[in-house]
Amino acid sequence: MPDETNILLGHGSGGHLMHKLINDVFIRHFSNDILLQQTDAALLHIESSEIAFTTDSFVIDPLFFPGGDIGKLAVCGTVNDLAVSGAIPLYLSVACVIEEGFPLSQLDKIAASIAAEASIAGVQIVTGDTKVVNKGKCDKIFINTAGIGRVETSMRGVAAGNSVAEGDVIIVSGSIGDHGMAVMNVRESFNFKSNLESDCASLNGLIQAAANAVNLKFMRDPTRGGVATVLNELAVKTNLGVVISEPSLIVKPAVKALCELLGFDPLHVANEGKVVIVVSPNEADLALKTLRNHPLGTDASIIGHMVNNHSGRVLLENETGGRRIIEMLSGDQLPRIC
Amino acid sequence: MKYIDEYRKKELILSISQKIQKRSVKDIVLMEVCGGHTMAIQRFGLRSLLPSSIRLISGPGCPVCVSSQQFLDQAMAYARQPDVILTTYGDLIRVPGSVTSLEKERAAGRDVRIVYSVLESLDIARQNPDKKVVFLGIGFETTAPATAAAIVQARERNLGNFFVLSAHKVMPPVMKALLDEGVKIDGFIAPGHVSAITGTSIYNDLAEKYKLGVVVSGFEPADMMQAVLMLTEQLEANSPKVEVQYNRVVHIEGNKMAQHLLNEVFVAADDVWRGLGMIPESGLKISPKFADFDATKHFNVPVEPSTEPKGCICGQILRGNKTPVDCKLFAKACTPDHPVGACMVSGEGTCASYYKYRD
Amino acid sequence: MCLAIPAKVLSVDGIAAVVSIEGVEYTASLLMLDNVVAGDYIMLHAGFAIQKVDAEEAEETLRLLQEETDNRPGI
């Protein structure tokens, strides 16, 4: 009797078992006209002179964490990459590499999460792929998503930041460090109990609202490496300096506590539902108001501004006016004892 | 956060800064010997709040930085044993031994795990009876009692697969060693949490024999500024003594229970400090009574002789005699991404700090 | 040595105490600290309570610091 509770190698073989899996899990959750054509490639009509195209792979451990799972993340990550590049996200592909023995019930949950988030983000899953590998050859499940979006004319160049100038204001859409600390807390055996959740979310709605109100000069989502990495990229790209103010950073109490306990800096911790934008000083108030009016941006705050000196560098001003340099980290932060 | 935020208030810090500015002592060097203090100075930008006539230097207070190459090479040799799970505090993972690092060993497939508490190591030992769990004991008197407690627990529960490789060290011998070598220090900012365990009598020699002021300081910016103020006041009055700034946590007698654990499980021994060489009676080795849990007594794993990296002048830097810019390797062969010596290894190290602020 | 954080004791059970740091809870070992009761603040280091925070001394330190500040107009 075939074991139908776990993935078998046969599920990746291209035969009857795989077709059944695709129908029972993926098409059931992702169903749309394009996907139902079940052609090798999805045929899309996109009216545009510029298309944004991105891909990302998701290997997160644990698969299920407070505030989300690998499926939700797989959609948010790619949708956000498109959105911060100034594009309206339209279509996604979902390719899974699954380890033999992986429980079907978990796969179903993940597929349901992907579908739910795709619906929130307004994107369609139009094509995909499924592979199964021998036990031990991959860590439960790896997901790759590629995404296509239509670039808005008004947002061309937002990723390059070519118009960023001295005095421009830097805004973060909310609290920092939530995702990284929430996930680390459940992954490690450290035994801290908190209700901290990942901030994992599709940001295209928030970004669209902001773009409709003000001129976005630069935009990035601070994922791996945190806000510090994005600010360093901004400083280097523009050849200007970045000065941010420590008291203006919004850090949730649980994040602050975990960071203090382990010796982490929230500026270096990953976020999956936040965006960093740069706007002219005269548009800063409007940008802030617009973000705060959106459910994903209620804690938006101005964190700093661009300066002419300290080219390529990011400086943090603390409460007493002292300054220190914020660098990109070379690897992950490590819990320290001293 | 209670008992933290109140000591980070701007007005308090600035007012002490002003008071210090008014002191008449000139050209004094104050040394802190605690990684946590090094971090606090950096994080809160305390140097910019002090007059240029007061210089704060960092001594060898970072337990990760001063762990010897031999210790690391030994740890890696254990990690390579097929039935060993190596457990360690996080910041040791990237420290380079002679050839490799624990991080690289983990990448090569060895079972190396980061723990927040040594008690997690005990749990891992209980859950994996067919494996040998080795815990890397680094840290000073704040952390050593935890290791001691774990060893006592292991004995009480008859855990036969839990071992500790101890590189624990104690503070006062290295403080005296630096002074004996002639390093110019006018006062010590003493480590608050070490002192919470040991009490303050361990510093009496420094005040009485060496005539140096010692102020035990907390870790918030207001604490450290107050400690600096207390030291400058001592210097002005020419009355060096041992004082406690951090009296909400530090008692003169320290923590007796923790001291008892230390004395039960550890014995003082000569130890090698990376960059400084051998310092007598500065290390804590596991007492013969608990030899069952001493990794060095259990494993017989050959370790290649350690080689000190050529050109590294960490020893001089740790003594405050030279600065990183004097080192030929600095920012070239030796960077935070691929550190050569102790001072670059941890984010708190002198060279790592200098690297951050280089032009 | 160093990284220890003040944590509030929520409950004590033999050689362990459930402590809270801004809502993050942890079961700390009391193997080196006794006479701990709910409501106390302890310093948490590497999983252990290493010492209590003396509320009165804490107040006193702040009071001295504040006094300094109050005597300094213009801060």
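Some notes on this structure:
The letters A, B and C name the chains in turn, as written, and every chain counts its residues from 1.
The definition used in the following text is that a contact is a pair of C-beta atoms (placed from the backbone, for glycine too) under 8 Å apart; a residue touches a chain by one contact, two chains touch by 3 or more.
As the structure is a computational prediction, the values presented were derived from the model and not from experiment.
Chain B has the Cα centre that lies closest to the mean of all protein Cα atoms in view. Of the two chain pairs examined here, B-C and A-B, it is B-C that is joined by more C-beta pairs in contact.
With centres set at the average Cα position, the gap from subunit A to subunit B is 37 Å.
The mean-CA centres of subunit B and subunit C are about 22 angstrom from one another, to the nearest whole unit.
Within subunit A, the positions touching two or more other chains are listed as 191, 253, 256-257, 260-261, 263, 336-338. Listed for subunit B are residues 1, 4, 14, 34-36, 39, 61, 63, 89, 116-117, 120, 139, 143, each touching two or more other chains.
Annotation for subunit C: residues 1-3, 5, 21-22, 45-46 touch two or more other chains.
Put simply, subunit C touches subunit A in their complex at residues 1-3, 5, 21-27, 44-46.
Per the touch definition, subunit A reaches subunit B in the complex via residues 188-191, 253, 256-257, 260-263, 318-325, 327, 330-331, 334-338.
Residue ranges on subunit B touching subunit A, taken from their complex, read 1, 4, 8-10, 13-14, 34-36, 39, 42-46, 48-49, 61-64, 89-91, 93-94, 103, 113-117, 120, 123-124, 138-139, 143, 221, 336-337, 346-348, 356-357. For subunit B in complex with subunit C, the residues that touch the partner chain are 1-4, 6-7, 11-12, 14-16, 18-19, 34-37, 39, 61, 63, 89, 116-120, 139-143, 145-146, 149, 152-153, 191-194, 196-197, 219, 222-223, 226, 245, 247-251, 255, 257-258, 261. The part of subunit C that touches subunit B in the complex is made up of residues 1-6, 8, 21-22, 29, 31-34, 41, 43, 45-48, 50-55, 57-58, 60-62, 64-66, 68-69, 71-72, 75.
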